[in-house]
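The first chain written gets the first letter, and so on, giving A, B, C and D; residue counts start at 1 in each chain.
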Amino acid sequence: MIRVTVWNEFKHEREYEGIRAIYPDGIHMCIAKFLGTQPDLEIRTATFDEPEHGLTQTVLDNTDVLVFWSHALQDEFSDEVAERVQQAVLSGMGLVALHSAHFSKIMKRLMGTSMTLKWKHSQTEKLWCIGPTHPIAQGVPSMIELPEEEMYGEYFDIPKPDDVVFAGWFSGGQVFRSGCTFTRGLGKIFYFQPGHEEYPIYHNPDIQRIITNAVRFCAPAVSARQTLECEAL
Amino acid sequence: MIRVTVWNEFKHEREYEGIRAIYPDGIHMCIAKFLGTQPDLEIRTATFDEPEHGLTQTVLDNTDVLVFWSHALQDEFSDEVAERVQQAVLSGMGLVALHSAHFSKIMKRLMGTSMTLKWKHSQTEKLWCIGPTHPIAQGVPSMIELPEEEMYGEYFDIPKPDDVVFAGWFSGGQVFRSGCTFTRGLGKIFYFQPGHEEYPIYHNPDIQRIITNAVRFCAPAVSARQTLECEAL
Amino acid sequence: MIRVTVWNEFKHEREYEGIRAIYPDGIHMCIAKFLGTQPDLEIRTATFDEPEHGLTQTVLDNTDVLVFWSHALQDEFSDEVAERVQQAVLSGMGLVALHSAHFSKIMKRLMGTSMTLKWKHSQTEKLWCIGPTHPIAQGVPSMIELPEEEMYGEYFDIPKPDDVVFAGWFSGGQVFRSGCTFTRGLGKIFYFQPGHEEYPIYHNPDIQRIITNAVRFCAPAVSARQTLECEAL
Amino acid sequence: MIRVTVWNEFKHEREYEGIRAIYPDGIHMCIAKFLGTQPDLEIRTATFDEPEHGLTQTVLDNTDVLVFWSHALQDEFSDEVAERVQQAVLSGMGLVALHSAHFSKIMKRLMGTSMTLKWKHSQTEKLWCIGPTHPIAQGVPSMIELPEEEMYGEYFDIPKPDDVVFAGWFSGGQVFRSGCTFTRGLGKIFYFQPGHEEYPIYHNPDIQRIITNAVRFCAPAVSARQTLECEAL
């Protein structure tokens, strides 16, 4: 059983009617719902407003994979919790960082770079699979068309990924490394660009398949967390 | 002094008036001309119709970097010469493989994969730099627009490149890993997608800059060739 | 069910009494035996002396992962069969290449390099895991000591691996990239250095665990083979 | 002209007579001296005790490559200065991090991992070149023997390097990725393990050659620093 915590900022969905219409219970509940149909996944959720953002040490100790969506409150996110999540990843917890979470404190700490990119609202995206043998690409078509999505464009300031599984084409002329894996310490990370809150991206079955695959890929071989330390012989 | 041999099949330019109008003396002479303006480069050319395709052992022994364009005669290319070029690369000769040369016997031998891709004539390409610190990207704008180019699209069946320096966006909806480096043995390789014979791609100053940078990047540190062999201790 | 074909040259074991004492039925039968204990693996074997080396198109079409050990007869190995195996890998068959199989025609074709290295008999090897999150490393100790093994030393002329999972330390002073993954076309490859025929390497349970993990890692997601071809749009 | 700042903690050399005997003016002065013989390098030094550790914004703005040695005072190193150095690297400054600087705040911020390893005093190291085509390896022998060095052993918790140029063999049985390149933002980084303060490592001409090559490799193409920012189109 893979224990998944789906974390969402849960701000836009409560502020804007148009977004609430797409995700009435929040992005986290939409993701929790489709992940919850999988018999090997055990799902809980957490949001920004909970104490310690719902990411207490106990929660992280009992999470195999954290799915993370954030945007407007990234500066307000607790440094202490960001540090705690980083340590959990280094000791083996998987992390699936979605869309604007590229700019979260958690991703910046784990990647070490500025995580900057170009962006623009409302473009068509075609998401091409350029890593067909990767576990995250299994059962996914060679191209997924998203009629409307926020454009994220290069140069995307990330360290070289372990693998670039998906590359995004945008109608306005940009390209993007849209699905990237990284390893940090004992933790596996998947960053996935699709998922702007104004479009029903997470209702797309192919996108759901990718996120489900990513959760399984990022799950640690054993749930027991291991803190790496320097060792004198 | 970097000794460069620019090789071209030199078939289309003699057959089709429209192509001859773009490259009156052949693609090789166009490339030789702009490379020849560089004081550190010494240029010779060779073409398919010459004995041994102009790639004798002596020529290869005196070549630091081979720039290679091929297309229609790839099946007719001598297996023996392809093997000889492969060995030259493994012993340190640089290789800049252009456009349809992805499907040359030389590239197939060095890469080991099918080198297949999707293709379509006449699209607009935007070539994005996704490796701004790479030597091949120096002095090159973040995006180069080619009003008309042959589309090459993913999935491109190559081994994982050392670096993907450029990614191509095509107006028809495709993306491509358009500028990739590889190391094989002691030889450095740059594969570069732009350069369909029907469009004046190699007259573009930014494309010329990339190829010039690539020649310098692929040049071996020392010209002396070294054949690697198994060694019993 | 993963369909595994274990291929062995099966020459040394019939020629030398000392080697026969270690592998009375051949290296292939030793490997087939420990793989055969796994409920998800279905094992057959093949050897050099069989027609077409036992690697007919039908056998390959029904093989998900080929485990391959070769040494003395590598030059005599059929070019046609080597080509056939290469194509099977590119279309999705997994390959676990053991020890001296680095110098097989199959590996040379898939890698494109000289595959040369340094070697010496009878040294102690310590095999360190430097990729602890890799599926092939699961359940394997951080270091495996092999009291006697053939030294393989750098410089090992391979393309840059996808991952170096194990690094070998040898008592004579050499190091080696002993466990490397590669992707070629739709096929996943694991090269694993331990396994000189004069020492009982494949009787070691940790080595058996690594090979078992590698078979599962290299198995394609779907058994249906897919031949990649260029495609005009 | 490449503007190099050699930074050293400069604590051990003033505390221990044995270390002072090896580096009478400090490790920084030894490195500054051999780098200073190169006509294309302009050298300054800085140490921990200077205001802001000698790494003011003005110094960093005028530094193309920072060579950095630290050990005992890593916890006391200013967070503000570490942040400033990180930003300088992301905007293009090269970094050559030596030996125990793997555990500096600067490297931890840039890498995102624990940077932990195994260690033990006084072993023989053999440093093997496993990236012979890399610019940092030019003119360097295939193996460098260091009669006495501190052992650093795997598992070394780093992100996957761009290239592993050198691998260390240690007489006690360990191996290590001893020379690794990384890119972070617009900055190039070389981490190099040799250099324990109790042994005259930086007096070794081959080690000096590697560090000199690394400084040239890590130097930015243009000295002008560029801060990457998110950009709305």
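The rule we apply is simple: a contact is a pair of C-beta atoms (placed from the backbone, for glycine too) under 8 Å apart; a residue touches a chain by one contact, two chains touch by 3 or more.
Since this is a predicted model, take the numbers as computed values, not measurements.
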Higher-contact pair (C-beta pairs counted), B-D versus A-D: A-D
Distance from the mean Cα position of chain D to that of chain B, given in whole angstrom: 36
Length of the line joining the C-alpha centres of chain A and chain D, rounded to whole Å: 33
Overlap residues in chain C, where contacts from two or more other chains coincide: 132, 153, 155, 160, 174, 183
Touch-based graph of the chains, sorted into line, ring, star, complete or other: complete
Chain C - residues contacting chain A, complex: 132-133, 135, 138-139, 183, 186-188, 220-221
Chain C partner contacts - residues on chain D that touch it in the complex: 126, 128-130, 132, 142-143, 153-156, 160, 163-164, 167-170, 173-175, 177
Sites on chain D touched by chain A in the complex: 86, 90, 103, 109-114, 116-120, 151, 153, 155, 157, 159-160, 162, 172, 174, 182-185, 227-233
